[in-house]
Every structure is written in structure tokens, then in C-alpha cells.
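Think of it as A, B, C, D, E, F and G in the order they're written, each chain with its own count starting at 1.
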Amino acid sequence: MIDNHILAPIFVQLFTAIIQLMCWRKTLTQRYLSVGGSLIGLMVAFRLFNRVYEGGILTLNAANWDAPFGIVFVADLLSVTLVLLTSIACFAVSIFSSVGLSRQRMLYGYFPIFHFLIMGLHGAFLTGDIFNLYVYFEVIIISSFVLMTLGGRKAQLEGAVKYMAMNILASMFFLTGIGILYGITGSLNMADLSIRIQEVQNKALIGITSCFFIIGFGIKSAVFPLYYWLPSSYHTPPSAVAATFGGLLTKVGIYAMLRVFSLIFIPDDFTRILLMVIAVLTILTGAFGALIKTNIRRLFSYLIVCHIGFMIGGIAMFSKVALMGAVFYLIHDIMVKTNMFLIAGLIRQLRGTMDMNKLGGLYSEYPKISLIVAIVLFSLVGIPPLSGFWPKVFLFQEAFSQHQYFYIAALIIGSFVTLYVIAKMWSEVFWKNPPASEGMENLFAPMPPYKKILMVLPIGLMALATLYIGLNAEAIVKVTDIISTQLMDPSAYIDAVLGNKTD
Amino acid sequence: MITLEAYFDYVILPILSISVMLVFIRLFKGPAVVDRVVALDLIITIGIGIITVYSIRSNQEVFLDVAIILALIAFLGTVAFAYYIEKQKDD
Amino acid sequence: MIEIVLAILSTVGALSILFASIGILRMPDFYLRLSVTVKASTLGVGLLLICAAIMFPDVSVTTKAIAIIFFLIITAPIGAHMIGRAAYFTGTPLWKGTIIDELAGMYNEETHELESEESDTDDDDTPNIAKTDEETE
Amino acid sequence: MELLLVLILGLLYAAGVYLILRRSMVKLLLGIMLLGNGANILIFVLGKITKGSPPVIDGAYKVFQDIYADPIPQALILTAIVISFGLTSFAIVLLKRVYALVDSDDLDDLNTPEEEDI
Amino acid sequence: MKSAILQTATRYLLPILLLFSFFLLLRGHYYPGGGFVGGLVASIAFVLHSFANGTENTMKILRYKPLSLIPIGLATSAVSVTFPLLFGLPPMTGLWFEEPIPVIGMIGSALFFDIGVYLVVIGVVLTILFTIALND
Amino acid sequence: MLFTVLTGLITSSLLVPFGKFIKTKWSILLPFIPVILFLFYLWHVPVVANGTNIVQHLAWVPSLGINFDFRLDGLSLLFALLITGIGTGIFFYGRSYLKGHVYFDRFFAYLLLFMSAMLGVVLSNNILTLFIFWELTSISSFFLIGFNNDSKASRNSALMALSITGMGGFFLLAGLILTGNIAGTFVISELFAHHDQLIAHPLYPLIVGLICIGAFTKSAQFPFHFWLPGAMKAPTPVSAYLHSATMVKAGVYLLARFTPILGNTELWGITLMIVGGFTMIFAAVHSLFRTDLKGILAYSTVSALGILTFLLGVGTKDAIVAVSVFILVHALYKATLFMVTGIIDHETHTRDITKLKGLRKVMMPVFIASLLAALSSAGVPATFGFIGKDLIYEATLNFKENWAIWLTALAVLTNIGLVTAGFRAGIKPFAGKLPEEFRHVRLPYKSMWIPPMILAVLGILFGLFPGVVGAYFNHQTANAIAGGETDMHLQLWHGFNIVLTLSVATLAAGIALYFANNPTEEKLLALERFNVISSQHIFRRIGNGIEKVASWYTNTIHNGYLRSYHLKIILFAELLLGYKLWLGGPVRIDYANLTPLSWYEFGIAAILLGAMYLIVSTKSRLTAVVSTSVIGYCICLMFVFYSAPDLAMTQFTIDTLTTVLFVLVLYKLPPFINFTSRGVPIRDAIVALGFGVIISLIALRVLYEPNSTAISDFYGENAYLLAKGKNVVNVILVDFRGMDTMFETVVLSIAALGVYSLLKLRLKSSEKE
Amino acid sequence: MIKNFLMNLLLSAIWVALTGSLYYTNFLFGFMIGFFILWIMNRNETDQRYFYRVPKIISFVFYFLWELFKANLQVAFDVITPKYFFKPGIVKYPMSARTDFEINLLTTMISLTPGTLIVDISDDKKTIYIHVMYLTDPETFVRQTQTGLERRLLAILR
């Protein structure tokens, strides 16, 4: 089914950003535009989600050229789910940053770039063309570079150098992979590639090509031997930015892996083993890192790495149940990780620091905020019945069916370390009496009440969304069920894209 | 009878190719950065020549468009390097 | 007939370029290299472009060829001047056989200003200004 | 000749990798640029390459009369070139700022232990 | 780094380069060129001018900040991309006037798109270079 | 039943907004929640005692097989009664205990949450649902142990308890899912039928291992026991409720629940017997050295839990009957003793038994309750404890012949310790002369001493009428554990037999020990010398070790040096691609299909190579930039040769601009310094060349792969006819693939904005975010 | 003068239109015819500058090309022979040229001639410094250039 609405989420963000650029240096206008644009984006995304959930896959041939000749946009359930989640995160971050960010940063283009970033994410999720995907990846990384460096503090820039170098390296691998893929098939349309790749005689070459994508997306999603950029940089930007990064950026890598491995390079035994090894080591690496960090954002950064491993393991097992687990985890992770970094920002506002050793006493001072935070933190840990629990059930189930005991061990270790560090964090940050030290400043208390509300509101909204995911897991399970069915059998996707020719 | 095409292929283009390699030796050797910059400029100029001959040989005038761009803006690089060299001395 | 003209033009052009490249390799100092190369190459490329103008019986091609020659003639001297000046300013040594340097000491070190007459601030021993260099090849 | 291009692209990748393994930020940048060039040539050579027949339809005709070079890799590379220009220029400026703050070109100096510097 | 020779030459080169950039922009659909190269050449013209006369003087010629060209260019492109939606066509669909115009050829949404690209490129390059130059 | 679970959850969350309200006199409403629930379950006693199971089903996440499946059988009912019954007492008690506390509302919120979770655990008929509630008990326990959150010890204990039980929880989850996977169902009542299938499965040992770890951690079995004494940092009502009567018994409940599913095997029996047996004697001995009242009780609780585990391991019908009774016995007396301890602590502000004396003079009713509980715990005849002890001995004596004597000896020794511990905790503080400092001590509110009194009296009453109790409460419990009919006829008097002898001997030895040996600080310190080999110490050592390893690992692999990251990434890529390439066999080169080599190409290529060499070898930054330009221009020429004029133009203009950029930026930088040693560049060169070779070989291989030109042919054919342009590349850029271009301009715009902000934005140090 | 030039251009354009072939050679031919016609028509007018200048320009072009050729040969010979014959030096050259256009043209011409190269121009635009390859004596060089290249050039421009 062809539908012009597919591009609406992209264009909403694009025009929001352009109009904001036209209102350069008018930060108040930009704030209104940002929240308004995000809200419209959210509604549009929700509508698109509903249409796809009820009506099946939608496609759009840009410039009216039939696939595979033009660039096609495809809204299958995976795409629209991610678009929806991104929109929710966007809305929350938009509100948060409108009060939680220094005006200086807004003066120099924070909002337009933020919306460009979201646009890039939407594009990446919706495009059906592999080179177009590359372009969105570039939109994403360049805007993330800018957001990461915005403000130009020393640590920020130091982190940004590493972040940038390795992300560009990832793009290089991705681009090389695309070149080779074009070389062996002569096509760039992913659905078309899915068919043509089967006609390639030289099977070894397909394996080689897939490696480029594994490495490229592996760097993006921060998996074991390729993850270094993430803990080097995620603790440096302002929290609103870190929230967008932490919640969304690595997930694009996961999305891309899901897409190419389900459509183009159906994982063979080697790929599965490779991904599984990567998954296990990623979990352990992230867990180890999280254990020793006392800065909460550094800790969160390592937790991101750790949990990426969970999802990679799901992809490695590549079965319907495993993918349900991976996708569910993806959904949960986007909500929770975004919120965690917002929380880190809130804590910073409250106490002026993010070092656990210097923090304390939040529970007695701000019990209601603490309660919201607790929901998020325990969702992250996967305390049942909160959202992080459900995907693990799928993952454990499939891991036992496939006898992946190392992965099971890693899942247990990863979950345990998450539990431990989060509990430790709770104890240090919320329970402990604040250590008497100078330089501790509460930036939150002097805020006018409406700002306080606007700052906590997004955290609360996201926490509600997380609670929904946890308590009404059945709905999410249904969605993931459809998604993983579509991923395991891409014929519906291919028909939707290429079948238009016969209409 | 030697055709003009063959003459271009086997005499003119080799001469140009050898020239450009000779210039590169200067670029490689330096010794000063300005020598390298001049060598670079010369390489581009010879490149315009090569493109011209190539466009004659392949009977494709569109390549001359590339030559125009080269001719118009190559010296900007030289100007920039000159700027650099003078500025660097300043500091 | 026209083929012979083309052959001659292209040969002269190519040889000019060749001489320019031999020149840039062989000349003993930077200024001589610069001096030798810029014009020879401009001439050589110009001749090749004239060949192209003759070969393509098209107005647009002739226009383009003329335009390229024109641009080269405008820009090449500017480039040479800019880099030559930078070289002199940064003290790129002159060949030992150089017989006179009337530019020596004319620059104002701070402002890069160049006087037309000897100013009273000049100092022939300013270390940064180019000196003939015995070691230059 | 394709083999020559393959050799060149291989060496571009090699030189790029060598440079990103150095300690200097400028070399890192140059390395990234070389890698980008390598990738472009790779895309180029893996399409259908032809000499002297650009994918431009001759003025008088409406369709191609002869063989023509594969335009798709060209379009892709064009996009890639422009994108890497954007990235590179940002990177160059970042380098400038880092140098101004850290006062070093040495990548190994980019490890401020400060936890709280935002 | 003032050079009288460069300054005078720039006086001729600036219009020539700008003219050439228009040329590249308009013929892009038929011959090598297009919005990108056109924009790049145009920005090079201004860069050259700034080398010769100082960035402040170039900014005076431009009157507006090059940064403001970016949203204008983006908006031009984006509108020409989304314009076909009004006719119920997919975005980016080429819309063309019936008759060709002399010199330029067929006028269509692609041309407007290219003009947008051209403006963005100028805005981007000049923003980058002039910000750096003025920052020292 | 769902409502009983939800009641607690809902009221708990209602306490968030209405916290202030409940701090007032309306707090009297709180205890009525457990009261109602208790009555509800009491009402079910006759039905269940008939052997009827009540089942309830409510869909939640049916796709995962996780639903609100509840089932009330003997085992569940006994626990439900304990939870709500003792809960009632604790709520009354706690209301007074914490009267006026700032966080009174939070305390009860946690407590309600816990009560619900615990009810959920014992009522769930679905192992995953059970797990969900299981974890909730851990979490609420975490909050309750850390309730006094300004004390570091309290926080650490909470963290420790959560770590141990949480870790066990994840193992348990794995085990439960494995069980469900094999059996094909998560419903407990359906799992009974899969007993044979499960124990025959090759993964059976793994299941047992995983589930036992879950149960042992929760029920504080050796070597995971140490969190429980630590958990005594919680307010005493919590200790009484969670850490003696209910939560810690969740592990026992789980083992009991799984006995008919996984039990009746040697592995199961021996595992439980060894762990339980060791725990019970170990903890009993430890309890003798404690001077802190709660310490004594904690270790005796661990010991009692060991007994239960041990008995489940013994697994005979006798043992199961003993379990079903001892659970109740222990809950009654231990909750009483804890509440008494709480009263003492509350009134005297100390729990040190070397200081506490003669309190009977000031709080007689408390003393009576305490005494009764101590007697029951000692198994003095005519108490319910006596019956429990009898059954234990009976179970051990009736075990396989060779073993019976050893097991009985073990049980006797443990019980001697428990007798002593019970007396120390229950009698010692009240005995002797009241010291001056405690003269002012008053009897607390009624609501504080009546609950323990009721429980203590019940301990005697049940002992007097064991038959009724057995028939109504314990018979079906034992049946549920055994998965079949058991022989349950409890009697106060069995006549003179070996069991009675043992009981009396135990009592005598215990009393002797009570008088012979007084725990002192010195002895405790002496015992602590053995801490080196204690499991807590070992766990802590392991923890520190892991932390060290983690720190070493993280700092080694993530060392802050970008080049080392790059090296690892490239090496990974080389290994992966090299391996794949090697799999593909040798590369063939087909010269016939190549375009001819020409002079100009050769010249340009030579220059390219030279420039590359220069760029990597030069020490001058500017030379490197010049070389980069050379490379760019040479590539531009290559593009011309291979029919790409658009590319050549763009490459050239962009290269020139990049040069300009470099020049604008770089003049401020110092020259390159040669940092690294001689060896490193060679290593890097090898790595780099390897990468280049791999890419080249891949390119060669792809070069000979025939690819379809359908799409580029389409572009060529339709560029003018449909898209009205003759430069196909440009038509692709603005039409066919115009979307790429659109967003590519966005990339450029963002880069420009980035440069602008990077250079212009200077944050003030006051601006944090 | 400009009027004449424009008229001449118009005539050549008409010629091109009449013959219908748009080639440079044709245009040049038309220009020559036009020039001839205008010269005939304007023989009695007082202002004859246009008709003197065009031949002057042509002769200057040939003069310049000849100089270029000579110098090129000299340099080429020097380049390929093993021994160096040149005697380089940097010479201060006081210009008579004053307007920007004059200066620009002059410097371009000097720079394009092999063997000479403008190194810099003084800030008051009165003096240029020329690097000369074959320098016998600075005064001679200055005098030769002033009377040769610069005089001819200014004759056309003024």
C-alpha cells in the first residue's frame, strides 16, 4: 500500500528545524517550536503506527519512481514502532531541554540540530534503500558530533574527538560494504537486494560483504571489540543530549543489524557464532565497566554497552522468539535509557554533580521524584513485572532451546551487575546523607515552579510509558510478535516494496 | 602514415605523463614547503593539459568543463598556502 | 594540413611542459624554479588548448578553450607572485650565484608592509630575510 | 586499468589506517580523509567503469547512442564526497578547538581525568 | 597579507567566478555541473575575495550572514521536495513546465531543488570559512 | 485471591499521595488490611482441609504464558495464613513501634508491598508469576533493610541482601524458564504431571542447580547465609516479619513446591540434605557466640531454615510432615521472640544480652510471651515446638539405616544449639536482677506486647491440641509437598520412646549449655578470627577480586588511547575479513575484461603512491597537507579518465576548499613530533598494509562478479525521456535519488552550524547543563 | 572610441547572422570587414584613436608573443643543458603605470615572460620587485623594460 504519510515524521522534524533556523537566536520561539514540533511529530508517529499496526506494511516511492529504481520508504511495524518510540523520547527530551539547558547552548543551534538528529533517526528507520540509510546515518552522526561538542568544554571536546573518529570509521566500513554490495548486485534497494543476493554465485563474497556491515553497525551499536567510543564520550555532553544519545543512537545500529540480517544477509552459522561471541563479551565488558564507575553517567554508559549485548545475543540466535526478545528489549531500552540520562541531568540540577561519592540525600529531600526514578531504575534492572523483565524471558527461553549456555551465563551476570550497580547507586545517591562538601549547588530549588514541573514532567511521562510497557506487556508482546514474524519472513516486506510494479 | 590519434597517444600523452612525474619528484624532494606548493600548482596545470588532450582523444568536450574549473580555482590553493606560510611565520 | 598544424602545436606545447618540469627539477633555487615553470607550463597548456579548439568544430569548445587560457593567464602570475612573496618573506634562500637582491631589508617585519623607498627602520642584517645560501644545490 | 585502481584504493586504505594509528590529531584527520577517498574509489571501481564515455547524453539525442559509464556509483560518490566534506570541515575545526584547549596535537593527551567538566 | 596584485585580480575574478557558478548551476541537468559544484565555485569566489581583501570586507559585500542562507536554501529544497504532495503525488516527484525556456531549458521542480542546494552550499562553505577566519 | 494480592499493592501505592493522612490517627486503618485478608484465608481452611484446591485464572501476558494463575492448596494456605496472620500482629506492633517516625507512611507502603508480593509468591500457580512476586519480595526487603538509610551499615546490609537474593533470583529465573521450556508449561499444577519427564531430562542437574541457588540464597542457606544476620539492620518488625517468619521461608516454600516436580531423586535429596544439614549445624553453633539479641535470633533462624531444607532433602513422608509442622512452629515462636526483642530494644535502646537483665520486673506480660516462645523453641513438652522436634527426630531416625544415626546426631546437636539460643533470647534478658539503668523502663503500649503474646499463646495452644492443628493446617500442606497422601496424626504424647529420650536429652544439654557458657565480646572476637574462612569473607574477597579484575580489564582495554582503539578495531576487521577471504579460495585475475592501461593513468598512479608515501612519512604538517591535495587532485584526474566529469569537478573544488580550511586552521599548530618508538610504526605499517591488501583482494574478487545493470540502464534510458535531463548523474542527484541529496545538504548545514557553535560558543563556568 | 568598437561588434554580428554560421573564424572575418568599412567611413573624422589602436594592439600581441618565444627558448636551452648560464637577481623596478588596471596588466605581462617574475609590489604601488634570471646589470634591465614592454603597453592603454 502506498502512502504519502510515511514521510510525515521526517518532514515534521525537517521543517521544525528549518523554521527554528530562521528564528536564529530567538530561543524562546525555538523552545515553543521544539515542543510543538515534537508534539506534532508524536501525533503523526502515533497515527502512522496505528495505520501500520492495523493495515500492514506501507510504502512510498519517493519521486514517484517504482522500486527498485527510486528511493523507497517502507513503514513496517518495526520501523514505525521505533519511529513512535523516538518521537516519544523526542517529546520528552524537548521539554526537558527547554528548561534544563543553558540558554547559551540554545543560542547556538541546539534545537535545530536536535530536530535534525531526530529527523535522521526517523529517516534511518523508514528508508528502504541502503545508501539512503547511509545518508541518514551521516545526518545522525554529524548532528551528534555537533550536539556532543555544543558548549565546547574540554572534556566534551576530548570525548568528541574519540567519538567522532570511531564513528567515522564505522561509516567508512558501512560505505565500503555498500560499495561491495552494489558491486555484486547492482542494486541498493533493500528488498531488491534481498532477492538479488540469492542470485549471486559467489557465496563467499556475500559472507565478506556481511562482515563490513557487522563491523560498521557493530561500532555504531558499541559491541565488544568496537565499543570504545561510547564510554569515552557519553558522559561529556549535557544531559538532554546524553539522553538522546543514550536512548537512541546505539539502537540505530541494532535496528540496522536487524534490517540487514533479516533482509539481505540471513545469518549463517558463522555469523551466529560470531554475533554470540560478541554478545557475550559485550555484556561482560559493559558489566565490568559499570562495576567500577562512580560517576553515574559513566556507569550508565557502560550499562548501555552491557545491554546492547543482550540484544545482539537475540539477533545472534535469530529465531522468532529470540528476535521478539531483542525487539522487546530494544523498545524497553529506548524508553529507559533516555530517561536515565534525563534523570542524571535532574540529579545534576539538584546537586551540581554526578559523582556518587559526592551525592546523597535525595530520597529524604525529594521523595516523589525519587519514586519516579526508582520505577525507571528498577525497570532498567528488569525487576519484574517492569519492562526490562519481559524480554529476558524470551531471551532465556530461546537461549535454552539453542543451548547457548555462555549467553545465559552472560545474561545472568549482566542482569546481576545491573541490579548491583543500580542498587548501589540508589543507596549512594538517594539514601546516603549528602557528604558535606563545598561547591555543591542546587540549581533546581531556585527555579520557578513551572520550570520545576517541566523538568520532572518528561521523566514522569517516560516513566509512565515504561510502566505501561511493563504492566501491559501483552500489548508489546503482540507488537514484537508481528515484528519478529515480519523479520523472520521478509516476503511481506519484499512484496510491499516490489509488488507495486504489478498493480 | 601515423595518425594524429596515435601521435597523441604515443607521444604527447607520454611526454605529459613523464612531465607530471618529474614535477612530482620535486614535490617529493621539497626541500622547502614552497617548492612543494609550486610543484603542486604545476601538477594541476599539467593536469589541465592532460585533460585537454584526453578530451580530444575521447572526443568528449564535457571534460573541458573540468579543465575550466581547474584553471579557475587551482590558484586558490596556492594563495591559501602562501597565506599559511606567511601567517605561520608570524606566530 | 590541419593535422600537421595540430601536431606541431601539440608537440611544442608538450615540450614546453616537459621543459617546465625539467626546469622545476633542475633549477638551483626556489625563485628560479618558480620563474621557469609558471610560464612554460602556461604556454604549453595554452597550446594544447588551442589544439582542442581546432579539433572540436564547436563554438562552445572554442569558447571554453579560450576561457581556460584566459583564466590561466590571469591566475598563474597571481599564484606565482603570492607564493614567491611568501617564500621570500619566510626566508627561502636565494641561489649562491644571485648577483643582487634589492628587496633585502625592505619589509617591515611586524606589518608585512613593503616600502618603495628605503625606510629608516630597515636593517640589512635582519636574520629572517632571504640570504644567498651557499649550500643550495 | 582496474588493477591499478584496485592497487590505489588498497594503498589508500592502508595509508589511512596507518595514519589513524598515529598519535597526532592532524594525522588522524588526514587518515580519515584518505579512508574516505579509498572508499570512494572502491565504489567507483566496483561499478561498471568505462573510459571516455561520461554518462551525459549527447546534445542532439534523447537517449544514449553508445556505451556510457555507470552513473549510479558516480552519484553515490558525489554524495559521499560532499558528506565527508561536511564531516572533515567540522573535524578540522574541532581539532583547532581541542588544540586551543589542550595545547597539544597529541591524541594521548586527551584524557582529562576530571569527572565533572561538562 | 595584503597584496595589491591579488586585490585587483580579485576584482575581475569575483564576477567571473560568480557568473561561472550560475552557469554550472543552470546547466547541471544537461552537462556536468549542478547545484553542488555551482555553490562550491560561488563560495570559492567569496573566499578568494576574503583572502585578498580581508574577511570583514567580504562580509560587507555579502550584507547578510552566510548562515542565514542555510535555512533559506534548505527551505527552498524542502519545499520543492514536498510541493508535489499538494497534487497528491509522492514527495520529490518532478513537476515540469510544459515549454522549455531558452538558455536554461526545461524549468521544473528539480531546478528549484538545485537552487536550494546551491544556496545551502554557499551558506555552509562561507559560514565555515568565515567563522574560522574571523575567530582568530 | 487476586484481590488479596492486589489489595496490598493498591493500598501501598495509595500511601504515596496519602502518606500524610496515614501518619495521623487514621493509621489504625492499616492493620485491618491483613486482618481482612487473614479472615479470608481462615475462611478457606475447612474447604482446603478437605483436599480441595481453589484455582483462579486471569490473563495477563498470555502470549508468554504469564498469567495471574492462582491456586490455593494446603501449602499455599499455610503460608497465606502465616503471612496475613503474623502480618496482622506485625502491623499492630509496627504501628506502635514506629509511632511518630518521619517515614511512617513509607514503612507501611513497603510492608504492604511486601505482604502482597509474598502472598503472590505462595499463591501463584505459574512459576513465572511466582518469580515476579519473588523478586518483588527482594525489592521490598531491600527498602525495608535500608529503611534507616542514614546509617551506612544499614545501606550496606540492604545492598548485600539484594545482591545475594537478586543474584539467586536471576539463577532462579533461568531455572524456571528451563523447566517451563522442557515441560512446555509454566503452570505449576500442570508441571506435576511432567515430573518424570523433567528428572529424566539431561539438563535436570542444571535445573536443580539453578533453582536451588535461587532457593538457597533466599532462605539464607550456607554459603549464602550471611546476608540474613546483616539484614537485622532493618527495624525489628521487619526482622520479625520478613527475616524470620515469611520472606526467608520463600526459599523453603519454593523447594517444597518443587519437591513434587523435581524431587524424589538422589541429586535433589543429597543437595538439600548437605546444604541444609551443614547450614543448620553451622548456624546453630554460630548463634551461641552472639551477644546481640537479633544476632542470636538471626543465626537461629538460619539454622531453622537449614533444618527445613534438610528435611525436604530427607524427603520421606515423615520428613515432609515434619516440615509442614516445623514451618508453623518456627514462625510462631520466632516472630514472638523478634517482637519481644523489638520491645526490649525500643524501651532500653540496647540489644546486648550481656547488659540486659531482670526486665521481667518492669515488663511482665512481655516476659510471659517471651518465655512461652522460648519454651516452644526449646521443644519443652506440651508446647507446639515439642511436637515439631519430635517429628524431626522421627524423620531422621526413620531414614535409611546407615544414615539415620548420623542425621539424628546432626539434628540433635542443632537442636541443642537452638534450645540455648532460644533461652538466651527469650529468657536471659528477663532473668536476674534489674540493673539501675533499666529502672525507668516501662511496659510498652498494648498493641506492642499483645501480638507477641497471642503468637506465644498459640504456640502453647497448638501444642496442646496438635491433632486439630494437624488436621486443619498441616495435613494438606504435607500432602501438597509430598504430592500425595501423607500420614498426619499429631499427638502430644507418644509414650516413652527413643524420640522422647532424644528430646529430653536435647533439652537438658541445651539448658546446661545455657548456664555453662555465656557469650561475651571476647568470645565473639575470638570467633571472628575464623572470619577469614567464612563465606561472607570469601564472597567479599571474590567481590573485591572481581572489582579488581573489572578495574584492570576496563582500564586496560579502555585505556584512553584512541590509536589503541583503532588498532583493535582494525585488527578485528582484519581477522574477520581475512578469515572470510581465506574461505573463499584464491583470487583469479582475468586480464581480458580489463580496460587497457595507459601512460597517463600510470603517471597519475605513480604520483598517488608517492604522495601517499610522503603523507605517512613526512614530519612536516604542511607537507602532509600538500600531499593530501596531490592525492585529491590525482583522484580527480582518475575520475576524468574514467568518465566522471561531475565527480572530478566536485572532488577538485572540495579538495581545494579543504586545503583552504586546513590552512586557515593549521598554522597555529606545532610541527609533528615523532612520538612513538621504532617498533610501533613497523607494527602499524604491517597492520595497515594488511588491511589494504585485504580490501584490494576483496575488490578484485568483486570485480569479476557479474552484476546486473538493470537499474543504471533504466536511468540511462529514462533520464531525458522521463526526467528531462541529459546529465544522468545530476538527474540521479536531483530526481531519481533526490532524497539522498536533500539530506546530504542537511548534513552540510549541520556541519556548518557545528563549526559556528564550536568557534563562537563559550560557556560560562556557571552554566552546568 | 567605444562607440566605434560597439559599432564594429554590431557589424560583425550582422555578418555572422547573414552568413548563418556561428564560428569564431567567421566572426573574426566579419570583424575585419566591419573594421575596414568603419575606417573608410571615418577617414575624415578627427578622432582616429580607434583605428590606430587596433593595429597597435595587434602589433603588441605579436611583440609579446615574440618576446615570449625568445625567452622561452633561452630558458628551455638553459634547462636542458647541464651548465647554468643565468645570473639571477632581484631588481627594484619603479613603475610608470598608475591605475590598477595598468599595473595589473603590466605585472601579468612581466610575470608571463619567461625569466622574470614579480616577487612583490610595494604598498604604495609605485615599485615592483622583479626576480630576473638573466640579469647583466639592473639599470639596463629597468631601462629596457621601461622603454620596451611598459611603453608599448601604456601607449595602448592611454
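The definition used in the following text is that contacts are C-beta pairs under 8 Å (C-beta built on N, C-alpha and C of every residue); 3 or more make two chains touch, one makes a residue touch a chain.
As the structure is a prediction and not an experimental result, all values here were calculated from the model.
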item: Intersection of contact partners for chain C and chain D; value: B, E
item: Each chain counted as touching chain B and chain F at once; value: D, E
item: Chain nearest the overall C-alpha centroid of the shown protein atoms; value: A
item: Selected interface, E-F versus D-F, where C-beta contact pairs are more numerous; value: D-F
item: Centroid spacing, where centroids are CA-atom means, of chain B and chain E in whole angstrom; value: 27
item: Mean-CA-position distance for chain C and chain B (Å); value: 14
item: Chain centre separation (chain A, chain B; CA means) in Å; value: 48
item: Junction residues of chain E, two or more chains touched; value: 1-3, 5-6, 9, 13, 16, 30-33, 36-37, 41, 44, 47, 67, 70, 74, 78, 92, 94, 124, 128, 132
item: For chain C, residues contacting two or more additional chains; value: 15, 22, 34, 38, 42, 71, 74-78, 80-82, 85, 112
item: Sequence positions of chain B contacting 2 or more other chains; value: 16, 18, 20, 37, 54, 60, 62-63, 65-66, 68-69, 72-74, 76, 79-83, 85-88
item: Interchain contacts (touch definition) - all pairs; value: A-D, A-E, A-F, B-C, B-D, B-E, B-F, C-E, C-G, D-E, D-F, E-F, E-G
item: Chain D to chain F touching residues, read off their complex; value: 1-24, 26-28, 30, 33-34, 37-38, 40-42, 44-59, 62-64, 68-72, 74-75, 77-79, 81-83, 85-90, 92-97, 99-100, 105-108, 110-111, 118
item: Of chain G, residues touching chain E in the complex; value: 100-101, 103-104, 107, 118, 120-121, 123, 125
item: Parts of chain E lying in touch with chain F, wherever the complex brings them together; value: 24, 28-37, 40-41, 43-44, 47, 67, 70, 73-74, 77-78, 81, 92, 94, 96, 105-106, 108, 110, 113-114, 116-117, 120-121, 123-125, 127-129, 131-133, 135
item: Of chain F, residues touching chain B in the complex; value: 598-600, 602-604, 606-607, 610-611, 614, 620, 622-623, 626-627, 629-630, 633, 636-637, 640-641, 643, 645, 648-649, 652-653, 656, 659-660, 663-664, 666-668
item: List of chain E residues in touch with chain B within their complex; value: 1, 6, 13, 16-17, 20, 31-33, 37, 41, 44, 47-48, 51
